[in-house]
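Next, two complexes with subunit A in common: one pairs it with subunit B, the other with subunit C.
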Partner chain A sequence: MTIRRLAAVAKKEWKETVRNRLFLLMAFLLPPLWMVVFGYGLVLDVERVPFAVVDRDRSPLSRDYVYRFIESRYFDYRGTIQDEREIEGLLGKTAIRLAIIVSEGFQGRLSAGRPTTVQILLDGSFPLHADITKSYVLAINRAFSRDLLTDFLVRTRGMTRDEASRLLEPVTVETRYLYNEEVRGTWSIVPALIMFALMVSPPILTALGMVREKETGSIYTMYGSTASKGDILLGKLAPYCAISMINVVVLWATAVWLFDVPFKGNVVVFFVASVLFVLCSTGMGLVVSLLVRTQMAALIITIIIAMVPTILYSGLLVPVSSLGLGARLQAHAFPAMYYTDVVRASFLKRFSLHTLWLDILALAGFAGAILLLAHRLFTKRPNA
Partner chain B sequence: MRGHGQGTISAARVWVLRLLVMTKKELLQLRRDGPLLLFLIYSFSLSVCISGVGITMQVKSASLVVHDGDRSESSRELIRRFREPTFRFEGEVPELQVGLERLNQGAAMLFLSIPPRFHEAIRGGEPIALQLQVDTTNAAQALSAASYVARIVGDVATELAAGRMAAISGGRVDLPVVESAPRVWYNPNQDETWFQSIAHILRMITLFAFLLPAAALVREKEHGTVEQLLVAPVTPLHMMLSKVLAMTLVILASTLFAVMVIMKPFFGVPIKGSLALFLVLTALYCVTTAGLGLFAATVTKNQAQIGMVSLLVISPMFLLSGITTPYEAMPPWVQSIMAVSPLRYFTKIAHGILLKGVGLDVLWDAVVAMVLLGGVLFGLGMWRFHKQFA
Partner chain C sequence: MRERGSPIVEVTGVRKCYNHRWALEGVDLVVARGELYGVIGPDGSGKSSLLKAIAGVQTFDCGSIKVFGLTVASEQEAERIKARVGFLPQGVGASLYQELSVEENIDVFADLRSMPLEVLAKRKAWLLNVTRLDRFRDRSTKHLSGGMKQKLGLICALIHEPELVILDEPTTGIDPVSRQELWAILSELLYEKGMTALVSTSYMDEAERFHRLSFLSNGKVLIAGTPEAVRTSVTGFVATFETTAPASAGVRLKQTFGQVEAAGRRVRVFVGIGDREEVRRSMEVIAGEFGGSSIAVEEPELEDVVVSLLARSGGEEQRPEVSSQGALYDREEVAMQANGLTRDFGNFRAVDGVSFRVRSGEVFGLLGANGAGKTTVIKMLTGLLAPTAGTGLVAGVDMKTAARSIRERIGYVSQAFSLYLDLTVAENIQFFAGIYGLDRQTAAARGREIVAMAGLSGYEARLAGQLPMGLRQRLALGCALVHDPRVLFLDEPTAGVDPLGRRRFWDLLAMLARERGVAILITTHHLNEAERCDRLALMDAGRIVAEGTPEELKREVRQEAGALFEVVVDQPSRAVACLRRSGFPNVSLYGATIRLLCGNPDDDLSRLRRELAYGGIGVSSIRERPLSLEDVFVYRIKSLERQAQSSRQPVNA
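After this line comes the complex of A and B, so read on.
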């Protein structure tokens, strides 16, 4: 393995990449584009849930109750319907996700000091959203009931409002949100999108670079050359690693300047982890390219390997701790999860190295193992 | 007259026959690509199982550490309420500082601290506040977990208040409160395997329907075999249709397998509507998405380019078409861009037929949108293809 030969292979690969204009454009354009589109567009908060109301009571109190939903930013009022049978159609065609049915005697029962029941119907096709919507509804009911009870105590027991509320709220919880005090969705999604961009794009760049030569047969000039296995593999990897590292800087700057995400961690640790991660992701593309014969297979397999675990098992949308056993195993078997930890912590937490060294060690381990595997799989003397 | 009629019939027969021969060629080419075939099978079988069983977006096992400053009967009873599956109790910490350290390390997501004199305050009727600190590096999950904590503490407060009210009103328990027992339709137990497995097959159908025909077409362009085909007695329409037809057949078979062999028997996905309608619309979706792919294929010169272009197209489709988050929750500008994503309509169709049991009477607008979109994309693709090779 010599630097000169390695550099020659890298230079050849680089020239080929540069000449493939659309390909080169995409390599640089996609990562920041993803960050902007998903950073602004991928909304994970449950807000503006569309709902409709059937108010059979039509009393001042029932209107007061319904108004609490209408004015909440978590709900989006789509109208009052007269006939309860319309609900099924509206939920069926997803015009609404929630229906509230206030029965007759709502005001009557409550004014008489008796409990009343409100019917709540939810669309369960998105279980997470149904669950969160349910807790919003319960919170509104609880607040409404507390106000009623306070009035009731003031009216019937002659308590002051203050006394009544002390009685009604014996325990409260004060919540402090750490690291992302305003709980901005963009702050948690944008750092993870750096991981997404680095995991999805580089493997495809690398895989196609290799299989293209296999498919057209130009790989035989490589086989026949004096360059060693290591020269060829690292030379092939180098341009794509370089492209990806430029992208790391661009993405980092976009996150900090465009999205105003604070960077509280250590720059050196972040970039070391990024280099290791880029080696992993480009290396994965390389391994796939050594196993398949056609670009079509390389393309589809790499996209599946790169995209599916990255969306599902990396902590991007779902924290790894709440995955099932099989999925958690798959999460640990891919480098994406470890890098997500490092990126999120680097941006939002003021971390010290001793909390992240395991993640970084894991990334180094993956990078080493993937490159070794590529070295083992690659042969200059193919049978076919 | 008769002869002319026969001529048209035999011409049509030859046309169909050629299409079938070409389709067979595509299927053969796919069958001979071992790794690709293996992945196709994996994607519609094992992978469906893993994502169906493994992924829950609802808060599950949120790791919780507690600092119990009171160590009383009441505080212990409170801690016991934070149970599986929503919470995972990670033990108590002796000092507040240690709890914060755990959050910093990412070893816990929630840190609850119970103040001293908690028991006394509760018994004595004094209001008291618990402190909760939440790691919000994952904002959506953190908010959801915090709302669970608030729900539990709220229940405790309601019970205590009810007890006190009963005490002062001499045992009377009727109180003016609004109660509700929310009923969840279409998925009463909020079983996430249904949602996740449907989301997964939608992703896989999209990926294969977009990529297989597109890559197949670009491969012919790259190798120059497209010229061979163009001098053969087949039209460009034959070429494009055969690729789409072959992939649609493969995808339909895989989808049917995933639905009938995995999702229905093992996950209990209800399949309330008509399976036949679902398959017909899946075929329509494949053709529409393939149209998108073929259009992309005419814009690109080689497979490396189609690879990058497909990333450009597929990743927003995956994340913003309403598979993972409801479409109506997306910002308006995303909704208007995604109006051209066929997956946006197909998600509605899949949820509608498989979970809600609705038919064409409700879904017709999504179907019409998909037909129009498919027609336009296919037409554009054909037009560009003609221009390039005819």
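After this line comes the complex of A and C, so read on.
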């Protein structure tokens, strides 16, 4: 292996990539674009649910009830409707996802000490979404009922509000969210998107870079030269690793400044893990490129190999610990999961090496294995 | 010639198989030090597989290959020869990086071989100068012409001054001027540096440029030796005469002789028996029957020999049915007409004011390199592409606006035949019949006719993809003929077909033109097969540079520039240098011989003998060679360049 030969391959590869508009876009625009698009689009938080109200009672108490929804950050008040028949149309065109119908005599029945019902209509197209909305509604409703009861106790029994509360709810739950104190979806998803962006663009770029040479025939320049297999493979890999590391910095900055995700971990640990992961992802592209002959085949196979495990089994959307046994095994067989661990931890937790060393070791193992595999597969004297 | 040294390449019984198909079936070959060795054969004959195996960049299955006396049987073994070998893969600019500049490409090749920088700088300057690419150092490779790309490819393959260079079809698809230049550069570099070269080509007319050659056919060596030895390996002579009834004469001759070609008014026949006088006498008898004149009897060309060998070894192929009645159509009717056709693609003018006419029953050739604009002209004539300026008429109508019924009167065989390779021969024909709306009965009848005409009987149930290239090409032609068109467009139909297959294809075209009065426009970059066109136009960079019958074109050049002579000398490289010094302008090294154009042969040749004798160079023979269309092409383009220069000079001064 000589530095000059390796550098010759790397320099040539770099020039080819940055001078080709398509490759240039794929190298530098695609990864941040992924992050922005998915960062805004993939957030699963249910907030600002649009809703409308039919208030048949029009009493101070009914207004008080509705007001609790209007005030909440989970709901977005779109107006009061006079005619109940309009509701279906609004739900149908998704102008609202929830309608609250307060029946006549709401205040009257409550004042008389009789129970009453409020009807809610929910858009059930997305069951998860509907369930979460329902739980918000129930929580607000329960709080309203409890407040009524508290008022009643205060009025009739001469208790203080605190005493009345304790009587009504002897056991209370004290919740504190760790790491992501505000339980924001973006904080969880955006760091994982760094992994996603690095798993898609770099392998495609690397695979196309190699197969492009097979298609044009310039690969024979490599085969016919005195450069060693190591020179050629590392020379091919180096520029794509460099491009990917630039992307790591850009993505990190996007996460911190655009999405306001805090970075609490250790920068060195994060970057070491990133280098190892980039070696894995570009290496996977390289391995694919050694097995196929056309750019089309390289593109399709790389996308399948890179995307499927990344989306399903990396912990991007669903925590690996809650996957089934089969899926969990698959998750452990790809490097994406380990890097997701490191990235999430680096952003949200203050831990560093002593908890993440196993992940980093795994990444290093994958990188080494993939590069060895590429070296085994590559030959300067192929069969066809 | 220098003494042949120890063998540089020894190939014994090499076989190579791709997916159950044999590409090489036991090839033997020996290349001696200092030789320019040729591997000739059509596409798919195994040239690339052989060259890649020798260069150590692809495996082979059986046999042995030794390069510099070292076996090349594994990846590790192949690595031992790579420092001493230069390899240029097939395809224009294939070895190069298109996004890099000329100089950057050379640097990559040098860096990959860790060449010392001072040596690199010196060699780079020298090679760029020799190839006249120094002005383009900084130009991006993707913006070079095909000829320039191949010259750069050659520089890159030679930058480390290898002992052996292996060049896979370096001249395919580039313009004739660049082709001649490339050969001149290559021959001179080989002499100067004492390199050995193994070069493949699919052009038969390049065979004479090699010291020795092997002709490959279907993975086997058909014949090998020096061009002279190959030429004399088959006894016989080629007789030609002119007649007013070439078609009937052709039919008469075919009763006795196998290889008969009719081109324009000339009939050419290979006679395998008898001496020169006997051949002349028998030809006089036959020519007499058809009012023949100017009978000539010559030594056979290499291609005649190869065709005769192929015909002998083959036999699997059926001949197309070429019968002949007299011509029964109006030859004056103009079938195609291009009037100042021009087409721009952005800033690039692909076709520039092209005008010509093709009459019914005429085979008109459009010749030129890849990118000369041939396909664009066809697309404009057939109405597939709108011209930027000018008009193209077929049967007096603009195809773009013509009614469907008129548009259906044209047939078109595209560059990559539009056959369905996983359909059988019969299914392909039926499919095309369906497209043109033939009813079931007519389709069946036409199908039988076409199978018979194209010589495909017995192959009806074979998949098109399993046919040899020659038959596949005739099937494509048959499919284009299914609706009996009056006008036929053929875009590079003979790529990848061996010389015998090509001749049979041309027989078929001649028959269609002569008997059915079909007007045929054909494009090709095989200049030697264009001899069989009735008329042709030479295209370069979008313009027509010459037009006429092949004879007219050659006669004009002969009158303007003189006759072509071949001089055999003992030190060709020195002789070329010596003659150039003494003011002979058109001298080139051609294999182991020298070729030059002489305007005034008597004076020029005696001066030439004097100069060479003075320089201590022995002359063993001088003989006149017929001008080829390539010579015509190169001469025309060079004189155009000279005109352009001289018209520019007054402005500069």
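By our rule, the second predicted complex is superposed on the first by the 293 of 384 C-alpha atoms of A that agree within 3 Å, B and C clash if a C-alpha of one lies under 4 Å from a C-alpha of the other, contacts with A are read in each partner's own complex, and residues count from 1 in each chain.
Just so we're on the same page, a contact is a pair of C-beta atoms (placed from the backbone, for glycine too) under 8 Å apart; a residue touches a chain by one contact, two chains touch by 3 or more.
Since we're looking at a predicted model, the values are computed, not measured.
**Student:** Regarding the shared-chain residue A:5, is it in contact with subunit B (first), subunit C (second), both, or neither?
**Tutor:** In the superposition, A:5 contacts subunit C only.
**Student:** Looking at A:68, would you say it contacts subunit B, subunit C, both, or neither? Reply first, second, both or neither.
**Tutor:** Neither partner.
**Student:** A:91 contacts which: subunit B (first), subunit C (second), both, neither?
**Tutor:** A:91 sits against subunit B, while subunit C stays out of touch.
**Student:** Between subunit C and subunit B, which one touches more residues of subunit A when both complexes sit on the common chain A?
**Tutor:** Here the partner covering more residues of subunit A is B.
**Student:** One more residue to check, A:20. First (subunit B), second (subunit C), both or neither?
**Tutor:** Both partners.
**Student:** Touch test for A:218: subunit B only (first), subunit C only (second), both, or neither?
**Tutor:** second
**Student:** Which subunit A residues lie in the overlap of the subunit B contact set and the subunit C contact set?
**Tutor:** On subunit A, the residues that contact subunit B in one structure and subunit C in the other are 20.
**Student:** Any idea which subunit A residues touch subunit C in the complex?
**Tutor:** Interface residues on the subunit A side: 2, 4-5, 7-9, 11-12, 15-16, 19-20, 216-218, 220-227, 379-384.
**Student:** Show me the residue ranges of subunit B that touch subunit A in the complex, using the header's touch definition.
**Tutor:** So the residues of subunit B touching subunit A come out as 33, 35-36, 39, 43, 47, 49-51, 53-63, 88, 103-106, 109, 121-122, 125-144, 146-151, 153-154, 156-158, 160-161, 164-165, 168, 174-188, 190-192, 194-195, 203, 207-208, 211-212, 215-216, 219, 300-312, 314-316, 318-320, 324-326, 328-331, 333-334, 348, 351-352, 355-356, 358, 362-363.
**Student:** Would you tell me which residues of subunit C are touching subunit A in their complex?
**Tutor:** 18, 52, 55-59, 74-75, 78-79, 82-83, 85-87, 89-91, 94-100, 104, 107-109, 111-114, 140, 156
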